[in-house]
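Okay, so here's the structure we're looking at.
A, B, C and D label the chains in the order they appear, each numbered from 1.
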């Protein structure tokens, strides 16, 4: 098989030489990796996060650690890691939301914990970032609460339960639970609000049933657009999705419900088969460094996990930067959730069927 | 007069070899791998201990939800095909019969334009048109024709509108070729014999373009039942189709085996359609080859 | 209509296009209304096809960072942002490169296969055709994952040729279809005439078959280019970090920033693709050959 | 330059057992204008295609000047064909079409140019060199096809209904020109047609084919005057065919058709008394006279009847006559101006010479 594929490679290459005149040479340069340097394969977000990573933080890391940082920003990450060999994983460091990290650790794709001895900055983290609800280490978090339009006369929203009010029929927004962390966290919140706690699924299903009609999206970016265009007036969203429009005169605001906000953690972990674990740990440590944390937090409005970070006043006022604010965070038991995921999916798929 | 008699394989047949190699390496091997994974408990490539299982298929059989998903997928496919045919035919007829070269070029551009817009952006454009605060609803409300926004998306109708838009070009281009080959004089002869233009169309042009209708419908149906981006965005995640379910299983449930099993079901449906199509085409046109 | 052949009927028995002239004649005939209906229907259909494109253009020119209707102004800021972005430019060039390679590969392989099917007297040619069209039938997302899984199995990583091979696989059906269509309409006597005049089979192929099949192959090539350029699901698993195609880059961008940049990117893509189509139309003349 | 073709027991069987050509044998002489004539589906085009090398016989042999060419590929046979609908290369100009065969023969460019010019002049298309086939009229396309074929000075020229798509007047003109051209070039020409007039007018010899078999080979005169079979008699020109039982008459052998008509045969036949025999009698061999009462019964060389219709053809008059026995007969008289035409309803007496009757094989 390998032999024949190699033959094919050659003939294909010969074939492609003809097409090379079509400008291939112009952009061939980026592919030429500096072979002598170690390569660290990581995952990462696009958007603003990707921009600042690519422009400043990534190159600075490469220079400092004399390596090549290759960031895959094309979702989905986990299926690719899942398909690749355990001994030669396509990523060295996996960056995803917390729930996917739990799925990854279940499948043996990532190491359950990051060793604090190898990542000294972990000593300065808030407890939630290294709690038993976290695989690997959490570098940032956002607060999942409610977003609202400020131009519709919705006054004094203080509770998650407001979302069930019939006056929001037609402008209510939520997430596709099977594919979105915010949706899954919100389902857990429904159990808390209307039942015996996070794991009271029956109460949650009943509550979701009453939430219809609701506009569902699969990604936070799409929810932001629904808010901006007025398609959604009140809906589930994370604080950064609202705060990032700060200063743009948009009639939207973030509400921290009295019952608490859910935690949307950005988590890093290391793959067991990685050949450059040392570099991987260095990367995690680097991402937790106060200067890096400050730069990223102020770019994308994520709350830094490192308690020594001092943000500018405008950010400090809104993000979770003190122990008191952090204490309002509710973490979800993703291990438990993932064990029930197939059952939950098949229930909610039915609930939200048009 | 017929050409040659008993078919003898000649040296031109060797030209199939490069494609055969491509298909062997990049189609049969990967799809075979998927087929294998659909009956295994895990990924044999990365896991040492996997066992044979029929649980993925059994899951489809045991839960009526999956059958409903399959029927939704097929229903959307059928409606998309039907609507694409109804609106694609007049355009194809016009393109086939237009005399002016510039006119033809402009029509061709118009037909190709939806294909060139990029699937993601195009679908967002449809959302702009069809959503509650979208262009259509805003216009209708400001004209006082409706009081509350019409539900134009987040349902099957929205998906069908979006899919039709994407796949009409395929229908039009398939039909244009076939209609263009129908001698215009046949229509004229029919009209000359006293048929109205409509009647002439029904009696002459339509039957003669049947192979094109079948080919275009098959193509559109196949594309529609395997579409992913449009159903997910225009359906507002409230309509579940097979490709969405497959993607969900891959990307969020990490259950490649079940996704592969769902994919195999879709492949079997599609291939049976191709075979049935070939058979029907052979019956209607006496022609045995796909065009 | 009765079966009578009235003078009007014979007079009106002419091609639909020319009937526009006769429709101008004063008499109100059913034909005139039929013609109006025909035109009205087609204009409605064209509106349907072009409306989203218009929206994309409005979106690309509207200064606000989200889709807004009615638009609040005209600005080129999204075009500036698109052209200034190294990521987008790299992705655009990479997409063009992949589409060009895919077009060459799909055209050569697909046209050869079509010739073999139509002229090689292969046994089981129906099955071969069905097989060659089947990549169209499979959800591309599964094809993409399956290819990715095989590359992992073969331990080849995510090379550019792997992406091109995936694109070639899903674009070959178009080339096969268009080429077969031309070959089926092909007058075999032209080949016989060449042989009769002393051309060997190989010479006949080069002198007669190839030039006459070319428009069909070209039409298939155009589809291959367009489909590859807009390919999303197959690329999803096959693109490697640092070399992503435009649709992937757009989709990732869209997840975080849905602003006019993607509209601008679309407008640029449309213009580019039109240029390709116009160039091909000028060189080979697509009239009556652009069919699937 | 010119060659003889022998077709020896050639059959062509298609999938499913259809015998398109069934043990056909004929010799085509050098420099001869030889026509294959028959209704569509009779196997004439298949025979021509086997001569050209496009089809291979299932059995039998085709020889060119004595050499077996049955399995020689088409492009090595040095024959040129003018196709039905011409098969001009649509992507090439007139001059390029004509030059094609010469290029295949690796003729140098100057010679090609000169020959193309001469060939186009011969078919009166000088000045059309740079047009494309689609820009030409049917007649012009036909001439290009002809020029393309003759420019290579082929040993054999094959024509598959080359004039079929032309209107009548142009067709007649081209018939003369083609015949003239063939004589001037001295080329062996095999001509396929379903038009018997065309075949009679142009050919040196004709092979009449039916259902894959050769019914008769002969000169136009032989084919017309001495048709061998009922099919040939019927297919070529107008004819009256009588079928009757063999009887002995005063003058010798004859046949009795029905109760009141008897025909004396020109020679004895092998058939026994009472067996059915067919004879043909051409309309123009019948004389018509106004009936008198002198003869009351058929004598073997005459009959009585009533004019049913009179068709004035200009040079001749064609009558349809119902014999007293009920048989319908065509009779043709030259328009000699000798007397008034017989009118429908008029009783007439018909006469013929026994020698004009042709005994047919069934």
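Definition applied: contacts are C-beta pairs under 8 Å (C-beta built on N, C-alpha and C of every residue); 3 or more make two chains touch, one makes a residue touch a chain.
On a predicted model such as this, the values are computed, not experimentally measured, just so you know.
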Contacts common to chain A and chain B (chain labels): C
Overlap of the chain B and chain D neighbour lists contains C
Chain B to chain C: how many Å between their CA centres? 14
Approximate Å spacing (C-alpha centroids) for the pair chain A, chain D: 88
Chain A and chain C: spacing of chain centres that average the CA atoms, whole Å: 37
Just give me the whole-number Å value for how far the CA centre of chain C lies from that of chain D. 53
Check each residue of chain A and list the ones that touch at least two other chains. 1, 5, 75, 79, 83-85, 229
List, in ascending order, every residue of chain C touching at least 2 other chains. 67, 108, 145, 149, 152, 165, 201, 254, 258
Residue list for chain B, restricted to those that touch at least two other chains: 3-4, 25, 29, 43, 45-46, 133, 250, 256
For the complex, give me every residue of chain B touching chain A. 21, 25, 29, 43, 45-46, 63, 65, 131-133, 149, 154-156, 232, 235-240, 248, 250-256
Quick check on the complex: what are the chain C residues that touch chain D? 187, 189-190, 192-201, 203-204, 207-208, 211-212
Under the stated contact criterion, what part of chain B meets chain C in this complex? 3-4, 7-16, 18-19, 22-23, 25-27, 29-31, 33-34, 37, 43, 45-46, 87-88, 90-91, 93-94, 97-99, 101, 104-105, 108-122, 124-129, 133-135, 138, 165, 168-170, 173-174, 176-178, 180-181, 184, 187-188, 191-199, 215-216, 219, 222-223, 226, 228-229, 242-243, 246-247, 250, 256, 259-260, 263, 266-267, 270-271, 273-275, 278, 287-291
Chain C-facing residues of chain D, complex: 52-54, 73-81, 83-85, 87-91, 100-101, 104-105, 148-149, 152, 158
If you look only at chain A, which of its residues touch chain C in the complex? 1-2, 5, 9, 12-13, 15-16, 18-19, 22-24, 26-27, 30-31, 41, 45-50, 54, 70-75, 79-80, 83-85, 88, 90, 219, 221-222, 224-225, 228-229, 248
